[in-house]
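Shared between the two complexes below is subunit A, which pairs with subunit B and subunit C, respectively.
This part shows the complex of A and B:
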């Protein structure tokens, strides 16, 4: 066939792998400055999170993660941007508390609004941008002879200049009433614990949904060695190649477990015309284990993910391996999303970890 | 907004099949879709009025004038041309995409059809030409009276001629876009020879236009011929149209075609359009003058004054709205001079470049 053209700048996703050592974990003072934690915090809106553990470890984790932990709640509400900028909503939720909201739509195709850490980001197409009359930056591929089809506009709503009556804010309100006035479906999640009384959100009749974890136990899987071999640690070129192939295969296997694929089951006979996947490693390096997968799906905050990872690490016995992955909402037409997978390898020090971070092109 | 400007329709399509196809298109993510009536047979040369046989399944696209439009100023409204719905829906999803009605004329002999093009253009939302030989192709690109919205070739057969860069770019500069219909190459009944012919022709077309001025659509006869937009972009990337151009072909480029065609049909010669009439003061009912007597007379005077004020305001508003693209008319519409021909030409050029 024809040679594939090189992926354009705005299409390729990249995966960054880190093999490192965590600092000591103090549950009273959750860490936030070092590597696995900053990666978790850098994701914007988490759509699903998966935990894969060996079946024996399930009892240890069951209480902490499922019974005692309150299920994170989020709301789905149908409102317009003007409602968000209305006095009481702005005052109660945005200025005083920490919330996150995401509107419906595909970035790069429709007009999408996201509110996170007090910053309102609007991804607009050219017409909406010109009608709104706000200042923004071009979004997407650079160039194209001056035609800029998409724009991003950002506003920091927690700033002291964002009050009704001030010019910048009034411009935003005008735009929300005239150009961006169609009501959309939003997902709303409150990160701070208290809710204001009376709730300004009640006027829009939100539906509250809660994310209960989904447990699938007793997955019979052919497990490869979950520890990087001695050959792959080191700074030589060969060591790097070895490590790269190990990590890629292991990531593929973890993804198949997350998807619930039957290809990892022992004794799987699939016609090689349809699938040529083999569990990585030699026959003697693979072991047959029972795995358990816990899955959360909803509109989750990165702070929740961080807390969950801390809970997992403190709850599990220190020799057990586990894998925790978070996936964000998809962006753009191809539906690719950012993902972060954390693995504590087997048979190694309890503070070692391998972290895969898949970054989308935006 | 993603556009699929070619879903094949014929008089024999059953409404349930059609609805099935449209729902599937909406599901895949296409917001605006055009039903294509392909006219293969000879076009009557007598000036019989042309009726659009395609049913109007959804409210018309906001760029296009509504079917029963009076020419009064107050009925055109400032609707966004990319609004997914013009009326608020109860939930924000709609079952069917906005449907446009389009015609494709298969041209073999350009001499007989040239003067019928305008009638077709008036009856349908989009006019496409499908030339079958080289003479018709160069005529379609260069010398139609009004450039067609799209030139769509049947790429699964051997063209017989080479597409020249100069001809193709001349057509693109006139405002015509070339259309690639991907279901001519994929699907169940396509043999390998047709597919290889298609790929060769696509390569030739992309070489001639260098990827500019291309719109991609399916020519789906049923829901099975439709593919998701990301898959279409990938498919076109394999065949040589870079992914950004591919996304543009489905989104921005197709939107440009639709909006430009709408503008041509709306307003005065596609140049001047009234966006929003000036707001007047409260009007007073004539029926009440019987009771109110004197007050009624004053009311009438007031009303006259208000009307004059409105007209003046309208003129003022229109005079001030100078550089606003197609809308806002410029000082054009007061009864006396109108704008100069040069200004009108300039605005039209701006339109085509912007849209």
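This part shows the complex of A and C:
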């Protein structure tokens, strides 16, 4: 693929569908280079993850995913940017360990700060940028910038030049004391396992929250056929269009299951004036199944999502279908977010998958 | 009769339409047929030696008058003479600190009790004040590398401030798109003076001992801080004295 630069005009969210074959999963060496894994890693902060499996497969995953797996923890803390750049926090957490942090606010409207893989990204409005005195790049669609442009400033805090006493770092500290000094609510998640002994975060009294999975069992759903007919995709034309419509409808059905919508229940009578949704496929292709949905909601890391997907694949019997989706935090003013849905189809080889990737504008 | 009509030129025909036949005829003969044809129409009248001498003399007296009139230096001449440059030995922050203290006293005197209250009156007085010797800090700027420059103003020209920083660097900061912040403590700082007694023992006297004790226990002494929007301030300090400032809504802010 050619590397394309950021879009100059506003572009609506796009959904990319991939139908592919996974390589062999070696639990000791988690894969990271091929398609479903790179997509999972490209998401920055995961807000919500869902797993949909047939009810009979629940016992198989129950132990692995719910009982034995430690619930990922994250903290909510009220601090300012200057506290993050303070000596002990910077050294213990940012330089030595891998953490991710996200501040409150919406990107097109407030000043938002995000810390991920050692890079601090600040989305600032014009006044904050001019008062901060840090060099950044214009942010936002070109046509919308006008008189009040917004700016994004990036700093790599793990670099060797980011120590107190160095010019670049001192400018950042000056900005954090003068222009960006308001304390905000942050979400903090530590990806490394160990915590420093005198925890620099304790001074700010964080609230620890853990994402325990939410299980809803026995969802009675009208299930369409979950196997794509892929014999003649390569020849293009009609088969391709058929595959496209199949994927779109299947994605819609999966989203309705995630939402817990009553439209997918058998015998659902709703006035067609209010909703005209029908489960895809002919009557004879639909089947009534009991489904189980496991939901995690919180501040999750993409590495956790990758590990969870590996656990699911290794735990489930190879003929069972499942669907795993992750949704990120919303980015722009409209509140749309990026999403990734992974489906292993029924009655196919256990290494086949369909991957839907929804990419927002930002 | 017909042949005569055919020979009549178009000018004559048009003239007969506008005037009486006698008039038309007269105009035609005088202005068209007997029109003087200048051979060299735009050459000036030939001057004789007398006129030429007179003109040279006039030019000389005017040039002399102009040279005698005192005129300000042009920008190129100023730069070449280097009259307004601060020499290398003079670029020391410590040299300007006494000037800064003088300026603080001047501003306190100018504002009087309004230093505690601020407001419109204080703002009007500050607009006409002179800022040479004031300690400014660049707080906001369209050019982000200027933010954080702090020092004493050594030159307040029409479009820029020349500032000397504590590290003895002389910086020229344009006023356009920049906001400067100045701070004036309301009370003069506690000063320690050493007096040497006749037998050579030095003794420290503290003025305002009560103020010093108060400031130990309370917050730092109150000071008035104000910001100057350089966009609206692009006048020489001499011109600003009599200028009335009106609030303008800036598109850039």
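Assume the second predicted complex is superposed on the first by the 342 of 362 C-alpha atoms of A that agree within 3 Å, B and C clash if a C-alpha of one lies under 4 Å from a C-alpha of the other, contacts with A are read in each partner's own complex, and residues count from 1 in each chain.
Just so we're on the same page, a contact is a pair of C-beta atoms (placed from the backbone, for glycine too) under 8 Å apart; a residue touches a chain by one contact, two chains touch by 3 or more.
Everything numeric here is computed off the predicted structure, so don't read it as measured data.
Of the two partner chains placed by the overlay, only subunit C lies in contact with A:133; subunit B stays clear of it.
With both structures placed on the common chain, the touch criterion links A:185 to subunit B but leaves subunit C unconnected.
In the superposition on chain A, A:174 makes contact with subunit C only, not with subunit B.
One of subunit B and subunit C touches more residues of subunit A, and that partner is B.
Judged by the touch definition given at the top, the superposed model places A:197 against neither subunit B nor subunit C.
By the document's definition of touching, neither partner reaches A:274: not subunit B, not subunit C. In the superposition on chain A, contact of A:335 is made with subunit B only, not with subunit C. Once the two complexes are overlaid on the shared chain, A:110 sits against subunit B while remaining clear of subunit C. Contacts of subunit A with subunit B, set against its contacts with subunit C after fitting on chain A, overlap at residues 127, 131.
Across the complex, subunit C is touched by residues 127, 129-136, 147, 171, 174-175, 178 of subunit A.
Residues 1-2, 29, 80-84, 88, 91-92, 229-230, 233, 237-240, 242-244, 247-248, 251-252 of subunit B touch subunit A in their complex.
Interface residues of subunit C, counted against subunit A in their complex, comprise 139-142, 144-148, 251-253.
In the complex of the two chains, the subunit A residues touching subunit B come out as 1-2, 4-5, 7-8, 10-11, 78, 104, 106, 108-110, 125, 127-128, 131, 141, 149, 179, 182-185, 333-335.
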